[in-house]
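A, B, C and D label the chains in the order they appear, each numbered from 1.
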């Protein structure tokens, strides 16, 4: 094991650069993982642009696929050399929030308390995965062995995109035979579409305007794709449901327009499941909220993490029920990660997800 | 049975008057109930003021306690002369919404569809209860016999106030040992407080400033009452919870300030249960929503109706677990209902609920 | 409309015969449906054999596909000539059980009470569907229009087999990524397998020994089929799960062996969903029950009915997510129904389901 | 801190004796707690009698109240000298079961698997609490600070009896206005009664024959107590519910008769929540199970543990909603624990719970 490694580091708004950093020491409950594949997330772009604040000098990235290089002294049940992933959210397992079923909102060392997004540590409060090595905290709660026969790229979406998108479908309270609308078909929206199908929705409307994403939406299970650049998606969905509205809607972008649209297409009694990261106050139009009398639910979800979640998601991939591999549209070595950011931040060349290999 | 009866009729905004109307004919699935006690609801005041539109000439009121005068030809399982109540919301039982567990959003004759508040008929789409007689539609789904030993006033809150307030507590996903905040302690908020206690909350913060209501809040189960005229309730609740926030909050007024306060005191992972009838667009401040990443829920509830709901609520009263009788602060004959509206609409004399007896 | 019709009538144990009966009169809440296709269920065979008691002279059968011939005076929202189905279970919509979310256990005219299976009326407490016409009670709660483009045979399973099998999967609390075992792959077990896949199970073990059913199980979504005539299914499932057991199991036959096997393969914390109709006392072995300390659930389900359930199930068929048509292995005219009973009761010729057309 | 301590040790069936043992070493994730109060549980009596096997030489007991003596090197958020309790069940927090919401069934070091009762470690797989000191594993998941103002005896039930009894009520799916039957009113049954009240049950039938327990049942919330030595409790409950049966029943003893009674009083659609530790196979009578067609649930629960559960239960005590102190009927020093076992195992002198103080 070398003493130094390459890592993509947040320097200042507008600059994430590849630089040298020491390979971290391994504490008793940690594991050091040698990254074999990682990726760039929309959240990393927010960090790059300075829209989401992290400390200068932090290694970014939160989607690790790799090999266990070294285990802490208390870590049992794993072997060095084992292929593993870990979720973008790394619950400690021992916080009140974790023990109360809210692992993503892990408050960690706070005696009783919670902190929003407390479970998100990689590339947020500790060094992340866009590096040659990453230190996984609370390793026994977070390391999930990759089943034989699955490639790095097949499981690359599990840590974040797939877990988030599926969470959106799970929180939407979908019943067999439901009609569901998914607003936006970026990587998370596409996973929400796949998740809605997996939960029993039988009519799925996907709202999108980028041709490649519209096509991918159908592959993920959309029964109809509505191009919002050509017609108003709310009117279109109300027309397609004979004025009934949808049983559930999923917001997967983080804008007022998608938030509002998701509410407006909802039947009385329906659930709106919100996945987007918003960047300003939101308005709930009175009519879209039925004046508070519609028996509606608005539910937000942060990406569930932990090794059990990862195990389940890899089960889905291994079963062949869902194939997310086609979302990996571009591949870069870690040494070219700055180019990858440039491509991904500017959404050029039909990019969906970029595989980064150290 | 006389041919004509007295009824409180919506004439135009600003005017509800007592006038003569024919006693209605009884269809095969209906029951005619002779009202013995009814009451005025905040919603009736909205109607009076023209803020909620109903057809001119409609009898208002939606909280009936009475005696079965005449049963339709198909109605079985009841007897004329039986004491009954019916919910403010009268589900048909046979709509898709009803059969899908959304009885309050009953779409009735629409083939597949729903209409917000479709289940609310008395004093909204059909003649209401502030009259000598009321026609109860779909009687077999709606008539609930009053257990012997309960007075009219004891069950007077069941049709609306108690059902709504309890629904707010039920929708808040309260677990044993939870901390809950209830914003506003009008009749519905007081019932939400009682409901939160009945669901296992062990610390209940009630927010109110009217002394009589603050006192009543304690009787209903509040562990601490915060006078919002003296200190900021959000700051106060965060202080009292050591910055942790509450597991669930209940909004019981329908203003931006109570909506927003209910969100701001919520822990990550917590549920905000909204009961208020809003009269304009709402704003969700970014921080109060944790940017969409807090695993929060916003849930709205319309008063559940139907005879089974009424049976359960009367069980609560009969068991002595909750006593709502002290909420009846004033009593009027039906002939003086215009005075009762004047008192209630202007919230004079510490009025909470008014019993009206034809 | 003729005055007399042909109907399959229970005469005495061992004898169901085709005979003449008057076409029934239509009450105000009823609809008369002209049957175009119906089928024979395992329960009908129990009736034939005298194992389940019904009144002599009753028309049997509970799975109607047909055309509305005549509507009762109070029935709105339908037209004569419309193609419809109705569930095997016909909830009234107005019982306490219905209003409490337990429509299948409809207690109907009982004031407060429930009666097990109270919602099952066709061919049980009222004349059934193996006839030229059937009277559908509480028509507005039960008639579900068949979407254009679906054939009779495509929707023939919706009233019972599909609704029951799917209910087994729904009650099993299946989460995305779960491993599920389904014991027995008769028509209901096959639908349970399809339902488990539709709810997100990613590894499904089907237990069966009849070759046609084993093959069909794979078509419905089974990932592995275990021939219980060749190896012990409990041992096999524990081996395939590395001793972990399954997250959920579904019992679809009604024998001690399948009940017990379903418990024995269950992980601590897992749910056993029971669909079978048992004919004797059951034994729970101490170890299979973890001495009562395994956080396990045993859940039983009766076929959900009502028009909303039928609408959802037809959605599933229309979406192409599941194709149950291959289960219809034999076809008979109503005039040859006695032959059909002979074939089906003796399970000859690889019969799964028989379509009966008047 | 001394090197040796007194501990109650399982020697062989029939013999638990007080003897000397080394005070244990403290690993990095452990905490050493000096016991100030503990108690004897029915399970300990099973161990004493050899009915539940544990290793010879093990310290028994699983209900600790004490003071932190020494913290492991990785344990943060606590201070030595702090008053704490820990649950009878000590989840690791990092097992797949824990991360899947099944902490009591913690499989610990098994890669994917579960072991029934895997979370129960004190006095089962590791040394227990009937000693001067106990080592709490995974301390950050398990140590719960005792709020100021609560005595040892007030929180003595939290680790097991209260957590188990309340779990029985929580698993019973109790809705506001429900009727609930609780079979047996030993300490766990009494807590189940208190829990049922706290969840909104408005009619609670308690079944018991010991006068002190019958009286205590009323104090805990029972509306009627049925002496099974004087009348058949099933007949009595069916009579009291007008043949309707109960919405939920709770079994709190572990016998065929209470198991069966709990099923027989259940309405169609009702839930039977089982808490007892059974010692043999169980029989489900066909009629009590509605032949599998009653939409019934049988749910078993193991005592939930972990610091968040303890925090919530201590909230209940602190709020004054429930007072369990009267259950402590006898007090002994640790040096007289053999006498305490003799009293408790033979249920003499109206004993309910015994406080043991080192």
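The criterion applied here is as follows: a contact is a pair of C-beta atoms (placed from the backbone, for glycine too) under 8 Å apart; a residue touches a chain by one contact, two chains touch by 3 or more.
Predicted, not measured: the structure shown is a model, and the values here were computed from it.
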Each chain counted as touching subunit A and subunit D at once: B, C
Chain pair showing more contacts of the two, C-D and B-D: C-D
Approximate Å spacing (C-alpha centroids) for the pair subunit B, subunit D: 40
Residue list for subunit A, restricted to those that touch at least two other chains: 97, 100, 112, 311
Residues of subunit B that touch subunit A when the two form their complex: 97, 100, 102, 104-105, 112-118, 242-245, 254, 267-269, 274-286, 289-302
Residue ranges of subunit D in contact with subunit A within the complex: 27-29, 73-74, 76-77, 91-94, 96-101, 103, 109-112, 138, 140-141, 145, 306-309, 311
Complex interface listing, subunit D residues touching subunit B: 166, 170, 175-179, 195, 198-200, 202-203, 223, 311-313, 315-316, 318-319, 321
